[in-house]
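One structure follows; several queries about it will come next.
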Amino acid sequence: MASQIFAPDVEQVLDVSGIFVFALSGSLLAVRKNFDVFGMAVLAEATALGGGVIRDLIIGAVPPVAFTNTGYFLTPLLAATVVFFLHPEVTRINRTVQTLDALGLGLFAVTGTAKAHDYGLGVIASVALGLITAVGGGVIRDLLAMETPSLLRWDRSLYAVPAMLGAGITAALIAFDDLNAVTGTAATLVAFGLRMLALHYNLRAPRAWRRGSSQTGEA
Amino acid sequence: MASQIFAPDVEQVLDVSGIFVFALSGSLLAVRKNFDVFGMAVLAEATALGGGVIRDLIIGAVPPVAFTNTGYFLTPLLAATVVFFLHPEVTRINRTVQTLDALGLGLFAVTGTAKAHDYGLGVIASVALGLITAVGGGVIRDLLAMETPSLLRWDRSLYAVPAMLGAGITAALIAFDDLNAVTGTAATLVAFGLRMLALHYNLRAPRAWRRGSSQTGEA
Amino acid sequence: MASQIFAPDVEQVLDVSGIFVFALSGSLLAVRKNFDVFGMAVLAEATALGGGVIRDLIIGAVPPVAFTNTGYFLTPLLAATVVFFLHPEVTRINRTVQTLDALGLGLFAVTGTAKAHDYGLGVIASVALGLITAVGGGVIRDLLAMETPSLLRWDRSLYAVPAMLGAGITAALIAFDDLNAVTGTAATLVAFGLRMLALHYNLRAPRAWRRGSSQTGEA
């Protein structure tokens, strides 16, 4: 199976790490929105597992892995607990959190694409589902917190494009029957690297083309 | 089957009662938001049936019971009709509506947990799905009305915790093979009781821990 | 199969046309909200395909057709590209876009109802799913853009009622075993006609009944 890119133990460790850091971002938003501890847990779960749940519902992998792997389900609660007691400290290491988040973004784009392909979806659909796996949780997080999804906003650095790149490379590797632990890691790192560049240089995607006018002043 | 806690006729009556009162809360919010009669019907349906639909999609029980049991589907339309003509009166008996809502909360937490377990989910996942069954519709209601989900807000009395308690007791009863009409009713009443206490004493969940500062003044 | 109302080639052309014009409305909203080009693509996809994806998840047709028919998936990207370069022109022909949107509304209500019935759902559930197919994408579009769903708002002309009428006629035609290309087209045109009347005369649905007070002044 293409989705078995890494050895099961390795994949489990990687997945749990990605889930943990995604859950941190959900919990931190809940703190900023002044939600209670239960709202922190809900946003942690939704951010960390939401993208994978949507992917699994669409490809027909029910119940979604988020509901069958207890470790995946409990990890966001651990992240919410950490943020509950230590949110000023977690906020202070924001740079580290963003770096780990970029790794999770790349990882979920690659593994999500591979899992969708395993369930028989075509190349384009698999890339779309890799993207949904990587960014879907963040959209659900923002909707629950009544914020415009940062994914869609012009004034945020590139987030979806790195995930699309990682998913696209993965789909190409599958097509050439060349997806394995080494190439899968490489695809993850390419997505990670582009995301880090976007953060560092504040790279943005363009807005709709405005003839004869500047692109500024409307954000 | 664990989900057959009550005799079918009894369960049907209980479910329809819970659906009706959940639908009242959806219709009333639609009136407050100045939606038209169609918006009232949509919010009634989404509030009353949304949690169960999410549960059924996740456990793979498709089509969801909301789309196969015509009585379940039509009940919210009846509630919307009542609110259309009598919303000042329904608002005036708010205390009664909240009491019935607390009963529905407990009931759906218990039956949702049992149904998820019947479909082969583990203990923790079943509790999570019992919770989703009980509170999911309210979250969808708030999102459609562009309001911060009251479930997540710090300044609202405990709502999810009673549902979690009812779901947890149900899971324990299943584990000890002891879930039946009597114990299921007891679990429902425990959740109901805690919710009524939360309403009466305005019990709230804490927010993230703030060292060296008071917890007030930011809501 | 009732869902094979039209010859496959004809249905494909009709569907893609409806998807294209729904995607235009999503892309245009993204421009108004100042989203970047990626946000335009997401809103185009969600608006055009969201209703059908929800329908397919509920009836158990996974993966949803939006993920198996590459043409369906790529069409919204084409619409987003057109809007990217030509959004002032597309906005200027708003009347034409609304007319095509009304045709898409009728078409998806009819085909959605027929597909739900094919998957074994009852009359009322099939009508509900025809309605969800036609209007679900627009609700997702509005939620992602943090706008109150125009479907629910009192101050917008009738949108759901034409779709319900088209879906209801389709269900009746199925019940009498009389659904074919001619009658299916007629049902589509009835929904289309009512939507055009609603646009032209600004027909609205009533809000909740207020005894002894006028219905105005609160929007």
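Order of writing sets the chain letters: A, B and C. Residues in each chain are counted from 1.
Keep this in mind: a residue touches a chain if its C-beta (ideal position, glycine included) is under 8 Å from a C-beta of that chain, and two chains touch if they have at least 3 such contacts.
Note that the structure is predicted; figures quoted are calculated from it, not measured.
When the CA atoms of subunit A are superposed on those of subunit C, the rotation angle is 120 degrees to the nearest 5.
The two sequence copies subunit A and subunit B touch through a face in which the numbers common to both fall below half of the numbers used overall.
Here the spacing of subunit A and subunit B, counted between their Cα centres, is 30 Å. Under the contact definition stated at the top, the residues of subunit C that touch 2 or more other chains are 57, 143, 146. On the side of subunit A, the complex with subunit C involves touching residues 57-60, 119-122, 124-125, 128-129, 139, 143, 146-149, 151-154, 160-161, 204-209, 211, 218-219.
Residues 30-31, 33-40, 42-43, 53, 57, 62-64, 67-68, 70, 73-74, 83-85, 87-88, 143-146 of subunit C are the ones touching subunit A in the complex.
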